[in-house]
Structures are given as C-alpha cells and as structure tokens.
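Below are the structure tokens for one structure; questions will follow.
All chains are identified by letter, namely A, B, C and D, in their written order; residue positions are counted from 1 within each chain.
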Amino acid sequence: MRKLLNDPFAVVDEMLEGVLVAYGETIEATPCGRGLVLRNPAPARRVGIVTGGGSGHEPAFWGYIGPGLADGAAAGNVFASPSATPIVEAARAADRGGGVLFVYGNYNGDVMNFDTAAELLEEDGIATSTCTVSDDVASAPAERRGERRGVAGGVLVLKAAGARADEGASLEELSALAWHANERTRTLGVALGPCTVPAAGRPTFELPEGELDLGMGIHGEAGVYRGPLVSADEVADTLVERLLADRPPSGDEPLLVLVNGLGATPVMESFVVLRRVAALLAEGGLRIHRALVGEYVTSLEMTGLSVTLMHLDEELLRLVDAPSRPLAAPPLAP
Amino acid sequence: MSADAGRLADWLELVLARTEAAQAELDGLDAVAGDGDHGVTMVLGWRTVVAGLKRGGTPGGLLRTGGGDFASVGGSAGPLWGTALLRAGRALGDAPTVALAGAHAAAEAALAGMCERGRCAEGEKSIVDALAPAVRALADAEALGLSAADALRAAAGAAAAGCDATRLMPALRGRASRFPDRAVGHRDPGAASCVIVWEAAADAFA
Amino acid sequence: MRKLLNDPFAVVDEMLEGVLVAYGETIEATPCGRGLVLRNPAPARRVGIVTGGGSGHEPAFWGYIGPGLADGAAAGNVFASPSATPIVEAARAADRGGGVLFVYGNYNGDVMNFDTAAELLEEDGIATSTCTVSDDVASAPAERRGERRGVAGGVLVLKAAGARADEGASLEELSALAWHANERTRTLGVALGPCTVPAAGRPTFELPEGELDLGMGIHGEAGVYRGPLVSADEVADTLVERLLADRPPSGDEPLLVLVNGLGATPVMESFVVLRRVAALLAEGGLRIHRALVGEYVTSLEMTGLSVTLMHLDEELLRLVDAPSRPLAAPPLAP
Amino acid sequence: MSADAGRLADWLELVLARTEAAQAELDGLDAVAGDGDHGVTMVLGWRTVVAGLKRGGTPGGLLRTGGGDFASVGGSAGPLWGTALLRAGRALGDAPTVALAGAHAAAEAALAGMCERGRCAEGEKSIVDALAPAVRALADAEALGLSAADALRAAAGAAAAGCDATRLMPALRGRASRFPDRAVGHRDPGAASCVIVWEAAADAFA
C-alpha cells in the first residue's frame, strides 16, 4: 500500500481527531465520537438535516456540514455505514423541534442503520424523514430506479435540501423536495484504477492499466462494462449519452453539471472532460446553468471520475443558487 | 454440556481469532461483487464484542451487551449481527448457564431478529443461508436427544453446507444484489463468516 | 497511463477550455489563451497580483485567482513555466496604475520567463516587483535559502500578499510583505508514489510500493532521503522536527499549518497526519492558529503530502485571517 | 553551400522529426535529476517553430519569428532557445541566403543570447556545453577555409563531444542544480537536444 497510516483499523478515529483540530471551532463531535455537528446551527431552519455514510469518500460526508447544507453527519468505518448511534446523536443535536431529514446514499447497510436510528429517535419524540439518494444510473435499470445506489449526485440533493430547509420548510415539505431533487439527478462514472481499503490492505478490485470500468460504484462495486481505455472525449460522449438517455432533457430546463474526481485523477482531466460535456450539451441545444468540478465524493485513491446532471426546474434553480458554505468541500454555489 | 459465562467468552475469543485469520479470505469473497471489506467489518465487530467481555455478566447479559457493541461497527454486518446477538441474549435471560435447549431457543431468536432487521430470508445468498440450516440442525439434534457437543458439531456442518450452497445462488441482498449473477460461483462472504461462528462453537463447547 | 486524455500535448489548452466553462462568469482568458484574469478585480487594490507556473499543480495557480488573492495567473505547459506572453497579458489586466507584484515558486524556468515579462512590462510603463517563494526546506541548506524551491507554502504567501494588497499597500510595501511572509514559511513533503507527465507517458521517477522519498519536489525532483515507508506518525514526526529545526519557533508566535495532499493520497490520511502534527506542536508548547487540510498544490497524481508551517507575527496573523475567495481551491480562511 | 529559406525550413523540419524520435530518451535524461519533461518541451518548441514556417520570409526572418514561437512554450527551454533563435535571426538580417560566415556569426549571437538569458556559461552542465563547442568548431572551420558542409559536420561532432563531456559535470543550472551530483554519469538533456539541432544542420545543409 502507498498509504500513510498507523493502525489501519483506527484510521477513521484518527482522521476525526484531525478533523477536530482543523474545524473544532465550527463543529463538535457527539458523545460516541462518530457524529459531527455544527456548534451554531442556522437559526432559520425548522428542520435539521443529517447526512452520513461510510468513510473513505471525503470530503463526503462531514465536509458538507455547514450553512446551507447539513447540520450534522455520521461517519462509518471505511466503506461501511455508520451505526445507528452517531446518527441518533447527530439528529438530536440537529433537531429544533421540527424533526430531522436524513439524506444519504441508497445502500443496504446505510438503510438498516438510519432506519434503526429513526426508530430510536421516534422514542425520543423526534420525527424523521428519509431521502435515499439513488442517482447512479449504472446500478439498476430505470424501471428499478429506487434500487439504484447513491453516488456524487447526493451532494446536489443535499445542497437543494439545505437551501429549502433555510427557507423554513416543514419536514414533509423538505422531504418532498429532497425526493424531487433526487428524481432529477443522474450520475454515471468511470474507473481507471482501483482503491484499497486500509484495513484490507489489498486493492478492492483488479483493473489493469489501459482498461476502464464503466459504472463502477464508489466502493469498487463492479460496473456495467469493462473495456480498453479510450480518449477523454469518447468517455465523455458515453457518459453524457447514457445520462441523457436515462432522463431525456426538457429543452428549456438548464442543467447543473458536476464532474467529480474519484481520488487519484488530477483535476486537470476533469476539466478536459467538462470541456467535452459542455460541447455535447451545447450541440444538443441544452444550457448549463453551472458546472462544478472537483473532488466532491471520492473513493479513497480510486482513479476515475463521474459526471452528474441535475435537471433544474424553477424551484431547483432557486435552491442550487442559494448561498452555502461547506466545512471542507469545494464550493457548491458562487 | 452446560456453558457458563466463561465458556461463552472462550467461544467469542475463538470466533475473533479465527475471523482475524480468515480476514483476507472474507475480504476477497466480498471483493467479487461487493466492496471487499467484509473481513474488516467482522474483525472490527468481534473485536468490540471481545473487548466488552471484561464488563462481565451472565451468558445472556454478555450477548446483549455484545449485540450493542457489534452494532456499533455499522456497515451491514453491524446491525445484522448486533440484532442477532441481542435477541439471543434476550432469549437466554439471566440464567447463569446455558444448556442445549436454551442455546437452540437463543439461536432461533437470533435468526428471527436478523431476518427482520435485514428483511431477508433463506435462498438470497446471505448470512441467513448459513445461519438458518445451523438453527434447524440444532432443533433436529435436540429432537433426537443428541449431546450439546454433537448438536453444535451438526450445526457447524449444516452452516458450512449452507454456505457452500450459496455458490449457486444469485445475490439478492446487500451490495452484491445490484448484479445478482456476478457472484455466482463464489460463496457469500456473510455466510462464510457465519460458518466460523458455528465451527468455533462446536470447538469451544466440545 | 491511467489517464483521461485526448492529445496529451494539448492537455493544458483543453483544461483551460473546461476552466472557462466552469468559471467564465468570473474570469476571462487573455489574448494568448494562457493567462486568466478576474473580470471584476477588487477596487480597493492599488497594486495587482499575478501568479503562475507550470500546469499539473491544480488548483494552483489559476485556482487562486479571486477576492483577497491573485488578480490573474499564467498557466504553463505541464511542469513547465508559462512563457512571458501570458504573464505580460495578465499583468496588464491586473495593473491599476500602481504596478504588479509577481508571486511564484523559485524555479529557474519561471524566473527567466517572469523576468522577461517584467522587462517587457517596463517598456509599457508598468512597474513590477517579484517574490520568488522558496519554502521547500529539502531543496537547499538553510545558508542558501534563496536557492530553495517554492512548493505548497506559496499559497500562504499569496494569501498574505492578497490581504495586504486589499489594504491598499504600495508595490514596495506589498513586495516587502510577501518576502517577509516567505521568510516565515517552511514546507517539507514526502512522496509515496510517482506521477506521469501526460506527454511523457511514463512515470517521472520510480518509487516502489513500500518506500518513501523525503523532500521530493513537486515535479518529482529527487528528495533528500529514500527509505522504507514508515507509519503516518513517524512521517509526521520527521516532517515537524525538520521544519522546526530549520526555523526554530518563537514560543509566543502561533503557527498556520497546512497539510497539502499531492494528488492521489486520500484526504483521510492528511487528517491523520494533522492529528499527529497538532499533538507534537502542543507538546512543544506551540499554538496552532489555524490548520488547513486539502489539495492546495498538487503534483498530478503523485502519492504523498507536505506539511507547511507559517510562523505568524502580528501582521501575518491579521493578514491570514482576512476574507478571501479562491476561484477553485479549498478555503484559506474561515 | 549558401542556404535559402527553403533549406532552412528543411533543417527545422528535420530537427523536429529527430526531436520527436528522441523525445522519450530526452525525457528519461531529464528524469534523472529534473522533472522528466525536456523531450516534451523540445517537441512542443520545434512544433510551434515548424508550424510558423508557413508565414514565410527570409532565413533571418524565419529564425526571428521562430524565436518568438519557441519562447511561447515557456519552461526553461522556451526562453533559452527562443532568445537563441531570435538573436541568430537578428544577426542574419534579411539576406535571402546565408553562407558560412553568416551562419557562424548567427551561431555566435545565439550562444551569447542564451548565456545572457540563462546567466550561464560553459562547464555548468547545460545546453551551452553542446552549443559553445559547436560555435567554436564553426569558427575554426571558417578560419581553415573548410566548406560549409564540412564546417557543419565538424560543429555537429563538437556538439556531440561537448554533450558527452557533460556526463562528468555536476549540474549547476536549472532544476538539477539543487543536487549537483545527482546527475553525474548522465548526459545533460539540454545538451543532448542541442546535438540534434547541429546534426540535423549537418545533414540538411550537406
């Protein structure tokens, strides 16, 4: 492994110690240590937002704590859902009496733990609602959209939900908006090289130099196509074509584009891909409202990137332009 | 056999040691269509359980606190095994020792809890495909009047056979279920780590 | 190569096309295409700031255009200084009559091109001054500090200079401040894996898994020590020890700490290292004013990280806390 | 020999072709103690020069615009070769053809320009260690009354010998100079790419 580690089984706790060194003025840890919450949550919100998931996707998920975004986040072990405890603790801190929305990627482990947390919170009298993000078009056919995994698009759903919460939405309204945002968000990624879970010590999958895996999940779950590496333009063509086929655009709705680096791919290459994505969309008569480029949801040191398209109606257009300040992630709005 | 808390602790320590030894194999099975970390998660889970043994208690008490501890590692295995251990502990109550009938009832409760938590059933290529046959073997052994030691040996064999049978199954639960056929030909990692639990029981309570 | 590319010789121009897709509302390209400048530079400044350097270090250098930072930047080919032309063009756009400060890393190629630009600008009647950042303690002994290379610490020097420019400093005052900031900034890095210049197509250096190179430059220039990979804590110990030996701290001056990922190293590991850096500094009775963690100056997909310490006197303390908004880099101030 | 703009263009095209062929070797020499991109930069430089030839002009004019073009690639090689070509072009003025005396004067000017721009001199393990001996060889050849073809052949030989001698030198200029001894035993990449220029001249103007 080419990794700077001490005990690989302790890497998440050690990371979180470092996180508190850097951001301890803004956030604090919950009693169990695995929940992180804003010290001074935005007063405008009636409903809190909690996100979370396995570690190894930094800056997701705790990097999206901040004004306009999440009030708290729960961190699991590497590529493993957080347990119910930090979720419960973060939700308690985030609740202002109006309940808490959970926004997280649609994975079996996360669903079990967040659902358990919701049950426990109900006993505390804290209402919750859940949006399981399912933007990864490679992970199930369109008819079974609800089974799809959540990947980089979750950040955009969270951004929209955060803005809506700041408008004072109720739990029901907020949950509806989050599902609406999820419905309009599609992602497809490509991997060019593997990643290694620190405590496993070996790459999660083999991917020889010169090959690509289309649709690989952000934990290295096998994708839909393996083949020789082609040019950046050809990759962009495939991604955009499949994304638009999965949800045909309505000509007058602009798109929010996110080119997300998975870890080892230099951001230079993400811009090369964005250039082609923009050209293709322009050819198709489609308008880009904004393009975000950077490492928003990583997969340790996986090589590759994903492209997300969010189809913006008027409400989403308003929400994605709202101010926000992620604790530790690239900017989401001007 | 009638196991006290000490024997139970020995069993859990053996489970941990064998899971640690099998970690790379379990990670590898999970890498086929999942994310390659099942060995890591099981090691972490059993470590917290074993670390918690020092709090002491009855066999049932140890399993109940162990269930909470295991759940704290999260992932898929955390809530599934956490619930299983918790329910088993509840079934045992606070008796100072456990005999075969108690063990069988506890295992039934564990299985039921896991299926509830995971919304899963046999035949879906998951932990349950090792756990359910083991529980049935215990029931059969009890009906036949076998010794506890023989019953656990039979359960371990049934778990292993159940695990082997997952090779042929498409994956219908968890991460691997997005492409059910991808892991056909391979054992389910969750079933494989469950076999270790039963084999350790057969050895620890022999 | 595990890279998404079209013509590798065109990668910088293609990247810049993508940059304009993402940020075209905020910045524009100069006539030659390789200079990028703010469309609406801050009115408070009398003196403009231009930075630049080879590409492959993204978000450096153009990512640091923005309020409180640089007015413009020039982008060279991968790991090669920009030519004088984009530097001249960016400086012309940045000049408000009070001259332009150049802040860039101390490399022979950059010095030749920025000096040529300065000569050409003199003919235009635009005064310039230069701060060549030389924070890399591994690149020359302390007695020959002026020969040292500039690495991640350049971002902190730029940040301080940007804040001072916003205070209305003259060219002379601004230049003095930048050199002062540089004098108080020290960086040391460690590489665990190589990077590949796209058009070269092969790794710049060999570094087997399980080894580290202490002091390697951000272009893969050989470091001062090669040896077996040790734990994150041991690496942090070595970095901090050497940094403090190179410039002993004065007990009452707090430190600005920057843990900078070089490309492929997951940010998780940078936080693990920060945790240990913070513990060591605390043991030594030293205070961290702020800790920044992220990819600020990368080396394509090199694996590794660097630690920078900036020793803050009162003036620098004021300046590093000033607001700033980099175009495309992690935050530099709260 | 008395070269016109067409011959000059042939020469520059040959330089480009050979530099492209040698790119990996030049990158490799630069990787020893530098950043492994000298071949890339020289290819880019000669490509812009050759692309600019279509603008036409006198030999001196082609070298002057070529100097501007080469400088536009930046790096270290850009300003050094850009200045060298520019000064050579200025020395040639706008004569329609160049004879040996003119070539010699142009080469002297190129060398002086490069040393000024790079604040460098012979013996520092740089381009100059190939360029300076080549210029001296031209001077000697002129004094001896050799033909232009023979003079260029001699210059190419001198450049190659100068380049070979850089093996023994510590690096005192450029990126490699931070650890002067690191590249001892290897040729300087800048000197090696300069040899290509002179060998191409000997062949193109033969």
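Keep this in mind: a residue touches a chain if its C-beta (ideal position, glycine included) is under 8 Å from a C-beta of that chain, and two chains touch if they have at least 3 such contacts.
Computed from a prediction, not measured in an experiment: that's the story for all the values here.
Mean C-alpha positions place subunit A and subunit C at a centre distance of 29 Å.
Centre to centre, using the average C-alpha position, subunit C and subunit D are separated by 32 Å. Chain geometry summary: the mean Cα position of subunit B and that of subunit D are 74 Å apart.
Look at where the CA atoms of subunit B average out and do the same for subunit C: the two points lie 53 Å apart. Touching two or more other chains at once is no residue of subunit A.
Chain contacts in this assembly form an open path, with each chain touching only its neighbours along a single line. Here, these are the chain pairs in contact: A-B, A-C, C-D. Within the complex formed with subunit A, the subunit C residues making contact are 1-6, 11-12, 14-19, 21-22, 25-26, 55-56, 58-59, 190, 192-193, 209, 229, 231-233, 235, 263-275, 278, 288, 290-295, 298, 300-301, 303, 305, 328, 330, 334. Put simply, subunit C touches subunit D in their complex at residues 9, 32, 54, 76-85, 107-109, 112-113, 116, 139-140, 147, 149, 197, 199-202, 204-205, 217, 219-222. Looking at the complex, you find that subunit B touches subunit A at residues 23-24, 27-28, 31, 33-37, 39-41, 43-44, 47, 71-76, 78-80, 82, 117-118, 173-179, 182.
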